[in-house]
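Right, I'll just put the structure down here and ask away after.
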Amino acid sequence: MIRAGILGGSGYTGFRLTTYLARHPHIEIAFVTSRQEKGKRFSELYGALGGLCDTVFTDPADVENENIDILFTCAPDQVSMHVVPGWLERGVRVIDLAGDYRMNSGEAYTAWYGKPHISPSYIEKSVYGLTELNRERIRTAKLISNPGCYPTSVILGLAPLISKDLIEASDVYVNSISGISGAGRDLKNFKLFYETDSNVMPYGFGRKHKHVGEMEQELTKLAGVPVMVTFAPHVGPYKTGILSTIPVIVREGVRKHDLDEAYEEAYNSEFFVRYHASGLPESKFVADTNFCDIGCMIVEGTRRAIIVSTICNLGKGASGQAVQNMNVMCGFDEKEGLL
Amino acid sequence: MIRAGILGGSGYTGFRLTTYLARHPHIEIAFVTSRQEKGKRFSELYGALGGLCDTVFTDPADVENENIDILFTCAPDQVSMHVVPGWLERGVRVIDLAGDYRMNSGEAYTAWYGKPHISPSYIEKSVYGLTELNRERIRTAKLISNPGCYPTSVILGLAPLISKDLIEASDVYVNSISGISGAGRDLKNFKLFYETDSNVMPYGFGRKHKHVGEMEQELTKLAGVPVMVTFAPHVGPYKTGILSTIPVIVREGVRKHDLDEAYEEAYNSEFFVRYHASGLPESKFVADTNFCDIGCMIVEGTRRAIIVSTICNLGKGASGQAVQNMNVMCGFDEKEGLL
Amino acid sequence: MIRAGILGGSGYTGFRLTTYLARHPHIEIAFVTSRQEKGKRFSELYGALGGLCDTVFTDPADVENENIDILFTCAPDQVSMHVVPGWLERGVRVIDLAGDYRMNSGEAYTAWYGKPHISPSYIEKSVYGLTELNRERIRTAKLISNPGCYPTSVILGLAPLISKDLIEASDVYVNSISGISGAGRDLKNFKLFYETDSNVMPYGFGRKHKHVGEMEQELTKLAGVPVMVTFAPHVGPYKTGILSTIPVIVREGVRKHDLDEAYEEAYNSEFFVRYHASGLPESKFVADTNFCDIGCMIVEGTRRAIIVSTICNLGKGASGQAVQNMNVMCGFDEKEGLL
Amino acid sequence: MIRAGILGGSGYTGFRLTTYLARHPHIEIAFVTSRQEKGKRFSELYGALGGLCDTVFTDPADVENENIDILFTCAPDQVSMHVVPGWLERGVRVIDLAGDYRMNSGEAYTAWYGKPHISPSYIEKSVYGLTELNRERIRTAKLISNPGCYPTSVILGLAPLISKDLIEASDVYVNSISGISGAGRDLKNFKLFYETDSNVMPYGFGRKHKHVGEMEQELTKLAGVPVMVTFAPHVGPYKTGILSTIPVIVREGVRKHDLDEAYEEAYNSEFFVRYHASGLPESKFVADTNFCDIGCMIVEGTRRAIIVSTICNLGKGASGQAVQNMNVMCGFDEKEGLL
């Protein structure tokens, strides 16, 4: 049995992560911390976990000497960078679900997150945990920076086409819609049922969303040239799921068949990425799962194509991918705990 | 033009009330107060009101000398009882949407609300604003205690049958489900979309809900004998609407036709109460309106009947009925502003 | 490996059943039939099953000689009674998710379902598959009549109190609300999103719902005296979940503690029934699971109690319980495939 | 009083149109036809209209000699082109909510709708009913082709910028999401609550949607050069509302202030178009209304801008705009019936 700890686990990401780990045959949950909810049982916050996980939230201060094999950090930005180095030094492998180690330098972090980085020397030790792209490095990594939800959908949707140079990649528009759980569990007026129900809300357009930096960084690596992302995220009236719609220009002469081939080559052996050669995926195909479903079409008689990539923001976009990464790191079946 | 003021108008009740008043041909909105939102325009909170109502929320302290004809109070419990007497003394008619004047004595108030009453002498001057039952007294009232949402649905559903002694009234079970707006706009975890969506939540069962006192008081008046109400309210995954389902025992020999007759006699001349002689009403028939729709059935071969009464909790259950009462008080067409 | 066949599997019950079986370690799906969808892959109807179940729907006529160990029938009423005997004669064990074998005699069937029974001699061979109540008989049964969704919630909610004679059981009112999936997948106007969203719809009140017969039959067995059920089902604006609210009269002197004790004694060793000694369960606790969550309260100073029992109509109310029963019949861990 | 008739009024467009007309002070509803629902009262289909409109659906054959002033046609494509000429010849003014007269020639119609046009000579007599752009011609028109829902949102969102040549207009990508009512009321599996709830579904991408032809035609007129539209519509889990998100390239040197000025100049005197100089509108601002709310932003340091334009698909996108046009044609206050 692997002993796992979770820091900052009372939010939706922590709930989903705990749900996965509670049914994972090789994992024992050592602790889940929450400053705000300490002393409560998990199932008091999330009735669905009754009988499945009766872990009591503990204060983060009380777990510092816990003997664990792997740590998941679900705390808000700027917490991981303080505590992760200590755990790493004690030999614990870490999967960071926050954004602290996603940017490739302290400067890039500051540019996108607006704050200084406390432990930039650990950045280069981290591996960007997009499992399908970085599996080999993940296998032996000590520190995983688990990708953001929007970037996961966008990078998986574009990677095969960019890698094979089938599309113009320097200037990409991404239109995304996410369920409200992407905004977290802290109390804000716009998250109330009365405000969210039946509503579509644009927010964080342009370069205001920190996920833009992450997307540009990773897509630039794939493209070999600078990629600019113009991003238009929306919140829709549902709990979970991201659907990203991405119009692109295909290279001269590229046809639907070429796109199909690229996707199939990239993902045919991947369990958690399903390419739809005909038809376009819907967000319900993947809600509450670790799948990423992708489809595309070319506008007849033009070089315009549209890609659709959809994931569950709490699954493949956060906790599902974290568990997938853990499975890779520990040599488990990659699907363990995730079906 | 009648000048109307609204105290505590930034919540859902205030939003709905302002929506009605903004399109009312004989009303000018003099002010809407909100301690929390003062300085903001109404349409900043509720984008739907853009161009329709650009009132800026003011501090309650700043309106005390405003010259108005009628005051609506939408503030939380225990506010009205402090400020209403002053306005009444200045000759302003008041419609109180809170519960401060609904119970018929200071003692009854304390028993159900758990706090002392500050201005009990004004209780007896108030008229319980269930328009269809008390229209004549409302016409000349200075102070209206506007009914609670659940009581409105229940009392309108039972009144004709109790008045004609068609059912056993001493011991009534009421099962209700309400949209989340009934819980108000202040930030609480259970009101988040993530918590409310797809969920049915029982709460406040038995005698915990203060509306029980109000129902028992008013039904007892109608029955002439003490009525005990066993109450089971629920919150459902939608914004507005209450549907109350009430099983009763009909008197020996009473048939469906007798119930129909009682309802039709009571409500045939009422615009805002629609009796369904065949079929049962659904909550969408009345959502966002001032209607109360009622239907009933008798279980074949038994004396058991079930009554369904549905209203919009923000309409007939709060702001709609308040405007209906205002229309009665001012001699306007009762439908004005409400269609 | 056990080979399982599913008759009439293209609806929501078949979808959920297939989802459970597809991840069950000891089950191989031999076939799923659907007259209407034959030739399509399961994942064409339900994208969520892509990569998890690529079974192609076959015509029921094509599977008659299939070699299977267990058959699940999800077809509409009156289909099972024709085909089940043949499968039983061929030595196949059957779990019937329709209502054909739920009533204890051909006459009772006709009284509630309005049609003659074709194979009444098989009724007495069937075991009513409420797992927690009939586990021992289920273990060796050849034919399981899997309970209806509403009856499952109601019987589990009342059984411990009736068995211990803690409540008056002869005359029970049941108020239930169900997600729309309970109405099935065939096209009807009232199931459209536009009609169902934000709506609560009462339907089938009184003795119109055939589940009333099933509840009365089973509760009467437990009570030892005839039980009459007055039933008020509703459809709410969500996909899955039933919450039943049941007001009862407790016997003289019975207190909350006695109810707790009865429930705990009955269910403490049951994994899939969770009794909430404090607080009341919400439908989201059990949605999409095989759990039944139960809570109750006594109205202070009275003999009136209210019981809340909630299940997922497609889980414990149909396919989950069917798999649980299969696990019992096959000697598997009762949770297998269900977590 | 103006006498109005409605052809094909049993769908959602007819429901909304009737709701507006029923409260319009100058309109008398002469008839509403429906082949499918003839003989039923309107309120049997839509309980919300009880007491407000008790019109009985009639067979279209029975109204041919009705004496009316104005006809609304809500029938499916290809019906209007057969019947509209006859009504026009009898001196009745017609507002066609279908697409039959939207394309500017029989050839263009055939290209986009895939069928021949029966009465192409009437096309040139029709006026495209985008009120804010064509008000003067609408005033005296005999035949209005009421715009499609998506085109209304897109054209209102782009017109001021294209007219002033502030953006590159030749190649436009439009990302839209619509509530399910846009798909109509006829029974299709994907419209079921179970299928639509919590789901985002891309459909009709590229040039498959006939609204693309309409958008290109009208935008080309405004731009003076051919405009190509790449269109990505989606259906979201809610009843009403379209939100279109449109990334554009602004001309060299154009700044946010220039965009603001263009919008304000175009719409400051328009009641039903609300421009948000700061912030972006959400679909709930306009749901169930006749408003179009518009906002935009420029991505800092780039020439990329994103426009958001939102309407209610049944309001400004169909029946609301039809009534607005009728008000213009009849010389009524443009808001009459619409608030």
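Some observations on this one:
Going by the order they are written in, the chains are A, B, C and D; count residues from 1 in each one.
Everything below uses one rule, namely that contacts are C-beta pairs under 8 Å (C-beta built on N, C-alpha and C of every residue); 3 or more make two chains touch, one makes a residue touch a chain.
Predicted model only: the values in this text are computed from it and were never measured.
Taking each chain's centre as the mean of its C-alpha atoms, the one that lies farthest from the centre of subunit A is B. Chain pairs A-C and C-D differ in how many C-beta pairs are in contact, and the one with more is C-D.
Subunit B and subunit C have CA centres that are 39 Å apart.
Centroids of subunit A and subunit C (each the mean of its C-alpha atoms) stand 37 Å apart. The distance from the centre of subunit C to the centre of subunit D, with each centre set as the mean of the Cα atoms, comes to 46 Å. Counting partners per residue, subunit B has 195, 197-198, 237-239, 282, 284, 287 as the residues that reach two or more other chains. Residue ranges on subunit C touching subunit D, taken from their complex, read 12, 180-181, 185, 187-189, 191-198, 237-239.
Put simply, subunit D touches subunit B in their complex at residues 23, 47-48, 50-52, 197-198, 271, 274, 281-282, 284-287, 289, 291, 293, 339. On subunit D, the positions that touch subunit A within their shared complex are 173, 175, 177, 179, 195, 197-203, 205-207, 228, 230, 232, 234, 236-241, 243, 245, 247, 280, 282-284, 287, 297-300, 302, 304, 306, 308, 310.
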